[in-house]
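Should a chain be cited, it is by its letter among A, B, C and D, assigned in written order, with residues numbered from 1 in that chain.
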Amino acid sequence: MQRISSGRDMTPNLEVTIGSLRLKNPVMTASGTFGYGEEYAEFMDLNALGAIVVKGLSLKPKEGNPPPRIVETASGMLNSIGLQNIGIERFIHDKLPFLRRFDTPVVVNFFGDSVDEYAAATARLDGIDGIHALEMNISCPNKQAGWAVFGTDPKVTCEVVGAVRKRTSLPLIVKLSPNVTDIALMARVAEDSGADALSLINTLTGMAIDIRTRRPKLANIRGGLSGPAIKPVAIRMIYDVFRAVKIPIIGMGGIMNAGDALEFMMAGASAVAVGTANFINPRTAVEVVAGLATFMEREQVKEIRSLTGAAHAG
Amino acid sequence: MSRYFRAEISANIPLNDNHNLLSLTNLDPMDEPEPGQFYMVEVNQGYDPLLKRAFSLFRRTAEGIQILYRIQGKGTAILRNLKEGAVIRILGPLGNGYPAAPEEAIPVILAGGIGIASVFPLIERFAGKAYVLYGARTGGDLFMIDELRGLSKELHLCTDDGSCSEKGNVVGLLHSLCASRSSCLDHVKVYACGPKVMLREAAKVVSSNCIKAWFSLEEHMACGIGACLGCVTKIKSARPGEEQAFEYQRVCKEGPVFDAEDIVW
Amino acid sequence: MQRISSGRDMTPNLEVTIGSLRLKNPVMTASGTFGYGEEYAEFMDLNALGAIVVKGLSLKPKEGNPPPRIVETASGMLNSIGLQNIGIERFIHDKLPFLRRFDTPVVVNFFGDSVDEYAAATARLDGIDGIHALEMNISCPNKQAGWAVFGTDPKVTCEVVGAVRKRTSLPLIVKLSPNVTDIALMARVAEDSGADALSLINTLTGMAIDIRTRRPKLANIRGGLSGPAIKPVAIRMIYDVFRAVKIPIIGMGGIMNAGDALEFMMAGASAVAVGTANFINPRTAVEVVAGLATFMEREQVKEIRSLTGAAHAG
Amino acid sequence: MSRYFRAEISANIPLNDNHNLLSLTNLDPMDEPEPGQFYMVEVNQGYDPLLKRAFSLFRRTAEGIQILYRIQGKGTAILRNLKEGAVIRILGPLGNGYPAAPEEAIPVILAGGIGIASVFPLIERFAGKAYVLYGARTGGDLFMIDELRGLSKELHLCTDDGSCSEKGNVVGLLHSLCASRSSCLDHVKVYACGPKVMLREAAKVVSSNCIKAWFSLEEHMACGIGACLGCVTKIKSARPGEEQAFEYQRVCKEGPVFDAEDIVW
């Protein structure tokens, strides 16, 4: 495509805000797909990112599920990592110092298996130098409710978000589960319970069977589906949630390039996160940042935030 | 960014009906690989298949690298169809290769099937010092025999169906070798790559003979660089005071080569 | 692969039963992807199919949604046909006579926009020569409940299935919506309300945006996602439903070949339906039948029905 | 099953930087196509892209068929990379082509851009009788000029940017033609294929001059054979007593060529 010369000087402004968090651009990394940042430092300048979201943490380290944990599917993948993580303490001591060196906000994704654990994790993370926001993953099983997922029952969502909200003044992002009948309802519940922003979507629950062995391919049987295959579902949910809440949305689910990121923003996202694509091309996130700027110059978009929800107009 | 580079296919030659030798010329600067390291290779441009495929370094060449691969499923079927001149993106070299051996070591190298790809550069590095035990399903699946003969101290071949050389498997060969030299196994170091069942059997032999060994493992991978935690395997835990006897380590990062003693089968 | 000679004579038995409906093989066509059968007659012998499921019908003809109605997505497609159909009367007079010529059961997929309309449609279809079973699509909007989808509220599902059940003695298949939090619950509700079998999954609700025009790509904004992209979700739901109900399951969602069909059966399906794949290769359904037989011979499976739920064993 | 056949690519030649001419040799028996009919062409083996792509019959050859295509997105980019010898599966010929014309007809054929692909076999059929008005964005996008000159009674070219022949569009040319012969338009029959906005404008011209016309339309398609109801367009309804003034008809089945009068714009 030809670049249309602007006549006047156009420096596209990529800045966005998520609650009180100011990002130099709207491109984040999706939790669990970017390790603790270190793994990708050799492939990009981490300063170029809008924010780094780290692998989900819990109070105590978690061993995760047995392998195989990964199955490729058509334009997607299933994972059953089982929330393996080094625990909040080791994160703070071993990983955070490295991340503090960059001028990029760090968002800590975390979870618990009870409301108390969520609350205790929040209290531990609150006020730590170098942590700029919290993203609570509510797509995980609740010990108290027979391991039903926190993010699928509005009452439980309300309770757990409320408990976390009380423990922190950091920007609180609630990451919704897409495996629900009414995503807009869940979004409103999270908003009413004190969320400053929403992340969506987490993975769709899926499964694959090896017809040779006649057994599930994942040792854990079910896993989370991510990648381009789920993008249409993600776009639809963001579109619906944008109409239902006032707080900003961080959109994710199959973003592979700047065009995809723009689609998410037009659907209603204020920022986006690159997930599975990091595995395909470790430079995806920074290439998306560059692609957004190119698009803005070509289409004479001064402020990226003006694109949020653009598909709802008219 | 020398671990993420573009490479041009300079040759993609069938060795038999389901194995190819792929020669790649790197178009961007590339890190020097070690024997036992691997690459994540892009097999197509669209989103299906989505993930890169893991292949061992088979040979470092003047122009770049070579990969020896078996056509197994969707991704390798596409790879086989790529023609000279096609440009693909590659991540690597990745993981930890085979450790260096002391001067006095007597290296014994086990390769089962396509496992030869992983140990080949190690055999090259040992330059005539290594005993190589190499087995495959059938004679037609034994590759690079002439080169291997030149590179090995002794080359022992076997096939499951007896169609070439001895009928049997490399663990049997290892067993015989140990039995025949039971008095002088001190300096023997075993390096192996092959199917999991072969490695598990080999583990028993080396352990009962108190031989030090390193095995290269495989697991399904998404990122190849330690970020997704998808490729873990059970490794005996060294952490003091921990209840569980193992921890999950990443094949792509702490491996693919592990100390055979540490692997939980 | 080499065909292992069996020693004795092995003629694989592909027969399955869905309630009182006996099928010569488990391969059906998914509603809306096979027209009224005629369109595919030139590409295959329709007698070779297990059953033909026709495009969803309503009492009165329906015009459907404005175009564009089709968007391709990664390994999938979105459609917003909007249930366009010629109506039950014209189907019976213009389309059914052709289908009666074949020795293949005809399953009529139908819907309504109120419980009364469902009931009236059922009454009209019941007892018509050449209609062997009814498949009720409950993934469609309910006029009385502000156009919320019938198949997402257990109470409404119970009511509408019950009303239909009363009007027919034909085998009644209820086609579930996958856009729910708890598919097993919806399956049990359908079973308890009188369903003889369940079909799943219908399409996932999705959406796509054209970043050039900044408008949704489908005129109707949202559409249904089908194709290989959704297969992992379909397999998981069938696996979960198989554990929850006793009635047979007809599995669908991204079946492209015999291997996929086997995966669905091992997850718990007694029969399968080929949908989007008909568009890619109009011969898919019969090729799946052939592929099932080949698999059975190779793996010495005498009865295809023995594979149903095989992945649950052990 | 002659409407679903395998074809081998015998040539896939770039005409400029974003247009190719694809020559296919059918490997299975194939039905005879009519001008204006189209094919659904497989562009890849995996599931992304998933759907077949619609292309008009450009030319019936001794060996099979030719397709003239514009590289527009994902699918056509893959198609462009297919090499001689590749085998693809094709569905067609599909839909209703341009209707036959009476002996005394004076055919006027409008082609906008890649629309030339659809009307080219019609121009061939009219063998020197047709007035051909052909426009494109720029001179480099006007194809087969020599052939067209030989096949037409008169060939009028135009480009949006004036880089070749007249600056303007084919509707302008049609307007002039009508104006210059307003007395003898009785036998004129117009056949057109091109962008929707061109056809809409052309519809006004033919309607105000009471000329009979047939236009070939495009819509996104999944099945190409009338089964999915995905490709509908609004067509004036002839059903008596129906309130609505239109019904949805399938471009792949009732079209792609429609009587211009019936199209609801």
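The criterion applied here is as follows: a contact is a pair of C-beta atoms (placed from the backbone, for glycine too) under 8 Å apart; a residue touches a chain by one contact, two chains touch by 3 or more.
Treat the numbers as computed from the prediction; the structure is a model and nothing was measured.
Any chain that touches subunit C and also touches subunit D is listed here: A, B. Mean C-alpha positions place subunit B and subunit C at a centre distance of 46 Å.
One inter-chain figure worth recording: subunit B and subunit D are separated by 55 Å, centre to centre, where each centre is the mean of the chain's CA atoms. We define each chain's centre as the mean of its Cα atoms; on that basis subunit A and subunit B are separated by 36 Å.
Looking at subunit A, one finds that residues 73-76, 227-229 touch two or more other chains. For subunit B, residues that reach two or more other chains under the stated contact definition are 46-49.
In terms of which chains touch, the assembly is arranged so that all chains touch all other chains.
Within the complex formed with subunit C, the residues of subunit A that make contact are 73-76, 78, 152, 179-182, 204-209, 211, 214-216, 221-223, 225, 227-233, 235-236, 239, 254, 259, 262-263, 266-267, 295, 307, 310-311, 313-314. Remark: subunit D residues 1, 3-4, 42, 46-52, 89, 91, 219-234, 244, 247-248 touch subunit C in the complex. In the complex of the two chains, the subunit A residues touching subunit B come out as 32-35, 39-40, 42-43, 55, 63-64, 66-77, 79, 81, 84, 227-229, 256, 276, 278-283.
Listing the residues of subunit A that touch subunit D in their complex gives 74-75, 228.
Residues 44-49, 74, 78, 83 of subunit D touch subunit B in their complex.
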